[in-house]
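Okay, got some structures for you below.
One chain, chain A, links the two complexes that follow: it is found with chain B in the first and with chain C in the second.
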Partner chain A sequence: MKNKSLFAALILVFLAALVAMPHLSGRFTVYLAMRFMILGIFAVGYNLLLGQTGLLSFGHGAFYAAGAYGMGFFWLHLSPHPLLGIGAGVAAAAVLALLIGFFCVRHTEIYFAMLTLAFGMMVFSLIWNAREITGGDDGLVGIMRDPVTFFGLGKIPIGKDAQYYYLVLFFFVLSVWVAHRIRISPFGLVLSGIRENARRTEFAGVPVRNYRLAVFVLSGAFAGLAGALEAMLQSNARPFMAHWTHSADPVLVSLLGGLHSLTGPLAGSLLFVAMREIVQRFTENWMLWFGIVLLIIILGFRGGVVGVVQNLVLRRRAEGEG
Partner chain B sequence: MQSIVHVCLAGLSAGMFIWLVASGLTLIFGVLGVLNFAHGSFYMLGAYFCFTVLRHLSANFWIGLLLGPLFVCAVGFIVERFFLRRVYHLALPYQLLLTFAFVLIFDNLVKIVWGAGSLSPPRLDIFGEAILIMGRKFPAYNLFIIAVGPLVAIGLWLMLERTWWGRIIRAASSDREMASALGVRVPILFTAVFVFGCWLGAIGGGLAAPYVGIMTPGMGDTIIIEAFIVAVIGGLGSLKGAFLGALIIGVLSAFGTRFFPTFDMFLIFILMAGVLLWRPQGLFGEAR
Partner chain C sequence: MGKVLLETRGLSNHFGKICTADNLDLTIEERVLTSIIGPNGAGKSTLINLLTGYLPVQAGRIFFQGKEITRLPVHKRVRQGICRSFQIVNVFPQLSVSRNVMIPILALTGRSWRPFANIASEKDAHGEMEAILARVGLSAERDTLANALSHGDQRLLEVGVALAARPTLLFLDEPTAGMNPVERSRLLEDIRRLSREGRTTFVVVEHDMDVVFALSERIIVLHRGVVIGDGPPEEIRNDKTVKEVYLGEDVSDLFRYDEGDETK
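Up next, the complex of A and B:
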């Protein structure tokens, strides 16, 4: 009970810090905080698939890109309304996830990983090659942030980074809350069942494949939201969002933080963004150092940051009682 | 007609590189049960090491092709012996991510050692200029590549089916514990198979560099995807499937590049989706 209220207090402090951030710190920190929240949305949604259902996808970059390009196309051709654009991005990602997931959820384990990887790269090569539509390797550029209007009932400008920040924060909190609700819902429990023993779950009368497809589409939609938000943040959509090296980001982040909790991917995202900033300040060889950190985590600290902290707390408690 | 023959030939030679990478990948997966993301990096390292041998030790292409992959074998030995060995008992994400960590590390190390830009391997003149096929020139080197692929396939088949080593490898891949109980030293076998698989990939890289005419630090990231697709189409763990899959992918993507340049990769993925719907386990995979 005591721990639970402590945890709630920590969440409140964290939220308050996020809300106050643009007033207290410089533009660069605000920008980094947005990167963290966008990666957090990506990772939290992704972890519904990996941590909750036990499916390792290496193609979620495709849905991220679908979100970014969906948003970009909507802005270019239909309407500059940011919320509608984000909605279009999320819808595009979900439809793509449904299409790709239909083929992928027939398999699990390594086959699933390879299929998602291959289909993700298909999206990459399509974006890369279809120059007339997608801009090829230049991407879609010049996406602007028009004010959020409420159909004549007033409008909120988001042009400046400090203003846009609150839109990102809104979607970040919403995503984490939705992911939390999914995790503790009956649907989420079935997903855990599938992770622990798919055959038994099937025998209990659960259409396992449909559940896998459903969670695949859900996590794809989260990825699309993250992609749409990044497209507005950077004012462009790039083909490398769909590349498999980008698809690895949420996997790394989940592993860095810890797979089996909601806080894991969030802690991982924070660490990932911070680490990348710090390493890039000292050296150009960010990939090398990240690879080494990854090796250390896999060989030594498989629970991720959250796991290490949990172990510390447990040990402390055991010592206190003993 | 003339152009179709040439597109086929170009596709076959491209398919052979994919086969060299996919064969090592398949062998390692079949025996060790690990899907090696870093296999494309060994292909890249093969190209770079061959290049370095050619530039600094000897200008003879064959010596480069002999020595370069040996360096890659040494790298592969270190990866298996000190890192991969520790994760065999872990869940799939950890194994995959361990090899992915090596992709990051190797790609970056290549940038540090050889520079981030692209390099051009020395021109090859041992095969003469080009041969006329149906009234159009075709590089003799590419014909040599088309011959190497089946030779490697036959060699692998002979090794696996006809030698003592092959018997042990097949035994360990069908039942690891039983093989170990019968006295096979499985850890050493695993190291040997991994190093051998790296050698195959490195040979592929060493042969590919003069063919492609350009080497970049990311060159392994593309071919590994093609090798994965080949493995899916052919059936994961099946060498026969990998060979056939590589030929199909090579020829199909050559036709795609020639006739529908915007959708060249797309054809391959449509093929993959079709195979998956029709035979989910791949052409030569065992039904699960």
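Up next, the complex of A and C:
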């Protein structure tokens, strides 16, 4: 009980820090905080698939890109309204995830992983080669951030980074809350049943394939939201968003932070963004140093950063009682 | 003869040249506690796997309550009322005992498709879960992780998860394997009681002849995919073909031991 209220207090402090950030720190920190939140949305959604259902996908970059390009095309051809654009990005990602997922969820483990990788790289090549539509290797550039309007009932400007920050924060909190609700729902329990024992879950009367597809689409929609937000942050959508190296980001982040909690991928995202910034000041070989950290975590601390902290708290409490 | 619950017509299965089900015409009757016995490789597990959808049917047809289920996938058969337990412990290892039982309950009541509901507020499902844990005697372990249970308790949980699917017909594949005598007699007593309650018809695959003859109302003897004996225990006990074929040795000693055991 004591731990629970401590945890709630920590969340409140963290939230307060995020809300106050644009007023207290420089533009670059605000930019990094947005990178963290966008990666966090990507990773939290992705972890519904990996940590909760036990499916390893190497193709979620495709849905991230679908979100970014969906948002970009909507802005370019239909309407500059940011919320509608984000909605279009999420919808595009979900539809793509439904199409790709339909084939992938028929398989598991390595076959599932390789299929997602193959589909992801197909999407990357399509974006890369369809230059007339997608801008090829240049991507879609010059996406502007128009004010958020509420159909004549007022508008909020998001042109400056310190303003856009709050839109990202809003979607970040929304995403974490939704992921939390899913984790504690009956749907989430069935997903963990599939992770633990897919065969037995079938004998519990569950159409396992449909559940896999549902969570695949859900995690794809999260990826699409992250992609749409990044497109607005960077004013462009790039083909490398769909590349498999980008698909690996949420996997690495989840491993770093810990697979089996909601806080794991969040802590992982924070560390990932912060470490990259710090390490890159000293050396070009950021991936080398990240690799070493990941190696230590995988060999010694399977629960990730969050797992290590949980163990410390448990030990402290055991000592206190003993 | 009771009402026919399940019927097979010409059910066959081959693994390469090995025949594990040869043109089987079987019926399972409602409320009759049935055992399937036979030497290793007789096709007992194959039969269960075919009937529950774990293996695809190569030839023949299966009917459940008059409806054909030959090609139905596993989860649809479960929804019609056919469930099973497994020979090897096959639960959800990293979930608590109560969560293990909750999964089939939520799935079958159609409450598992809601991503924004909270498990904690599923009052009905919790009540049903508690009732099932009480039936298999695991109420005290509800918060224990399944992989932290003793082997015997894991087997009980295995049966509990199967019962939670509210089966009309439940196949138990060697339910007492690896149990100590105390756990074994407790589980058998449970099966007998549940069978008398009449909601579920049990079909048990067992190696232990003591168990089979003490428990069953009907015994089906399989050998190389063929039924070589089918009837009440007394009949099977005295059946010549069964005696000759079963284990390929004189098993009258085994049966006599069993009789002596019963009179104790």
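Following the convention adopted for this analysis, the second predicted complex is superposed on the first by the 322 of 322 C-alpha atoms of A that agree within 3 Å, B and C clash if a C-alpha of one lies under 4 Å from a C-alpha of the other, contacts with A are read in each partner's own complex, and residues count from 1 in each chain.
In this text, a contact is a pair of C-beta atoms (placed from the backbone, for glycine too) under 8 Å apart; a residue touches a chain by one contact, two chains touch by 3 or more.
This one's a predicted model, so the numbers in the text were calculated from it and none came from an experiment.
Q: Could you look at A:K4 and tell me whether it touches chain B, chain C, both or neither (first, second, both, neither)?
A: neither
Q: May I ask you to decide whether A:M121 touches chain B, chain C, both, or neither, giving the answer as first, second, both or neither?
A: Once the two structures are laid over each other on A, A:M121 reaches chain B alone.
Q: Kindly classify A:G193 by the partners it touches after superposition: chain B alone (first), chain C alone (second), both, or neither?
A: A:G193 sits against chain C, while chain B stays out of touch.
Q: Between chain B (first) and chain C (second), which, if any, makes contact with A:I184: first, second, both or neither?
A: In the superposed model, A:I184 contacts chain C only, not chain B.
Q: Using the superposition on chain A described above, determine whether A:F203 touches chain B (first), chain C (second), both, or neither.
A: Second partner only, chain C.
Q: Under the stated touch criterion, name the partner, chain B or chain C, that contacts more residues in chain A.
A: Here the partner covering more residues of chain A is B.
Q: Look at A:G291 in the shared chain and tell me whether it touches chain B only, chain C only, both, or neither; answer first, second, both or neither.
A: first
Q: Is A:H23 touching the first partner chain B, the second partner chain C, both, or neither of them?
A: Touch status of A:H23: no partner.
Q: First (chain B), second (chain C), both or neither: which does A:R302 touch?
A: Touch status of A:R302: first partner only.
Q: Which residues of chain A touch chain C in their complex?
A: Residues in contact with chain C: 181-182, 184-190, 192-193, 196-197, 199-208, 218.
Q: Which residues of chain C touch chain A in the complex?
A: 52, 54, 73-75, 78-79, 83-84, 86, 90-95, 99, 102-104, 106-108, 111-120, 122, 125, 161-162, 164-165
Q: Can you list the residues on chain A that touch chain B in the complex?
A: Listed in rising order, the residues of chain A that touch chain B are 50, 56, 58, 103, 106-107, 109-111, 113-115, 117-119, 121-122, 125-126, 129-131, 244-245, 248, 251-252, 255, 259, 285, 287-288, 290-292, 294-295, 298-299, 302.
Q: Once bound in the complex, which stretches of chain B touch chain A?
A: Chain B reaches chain A through residues 29, 35, 83, 86-87, 90, 92-94, 96-98, 100-105, 107-109, 111-112, 221, 225, 228-229, 231-232, 236, 261-266, 269, 272-273, 276-277, 280.
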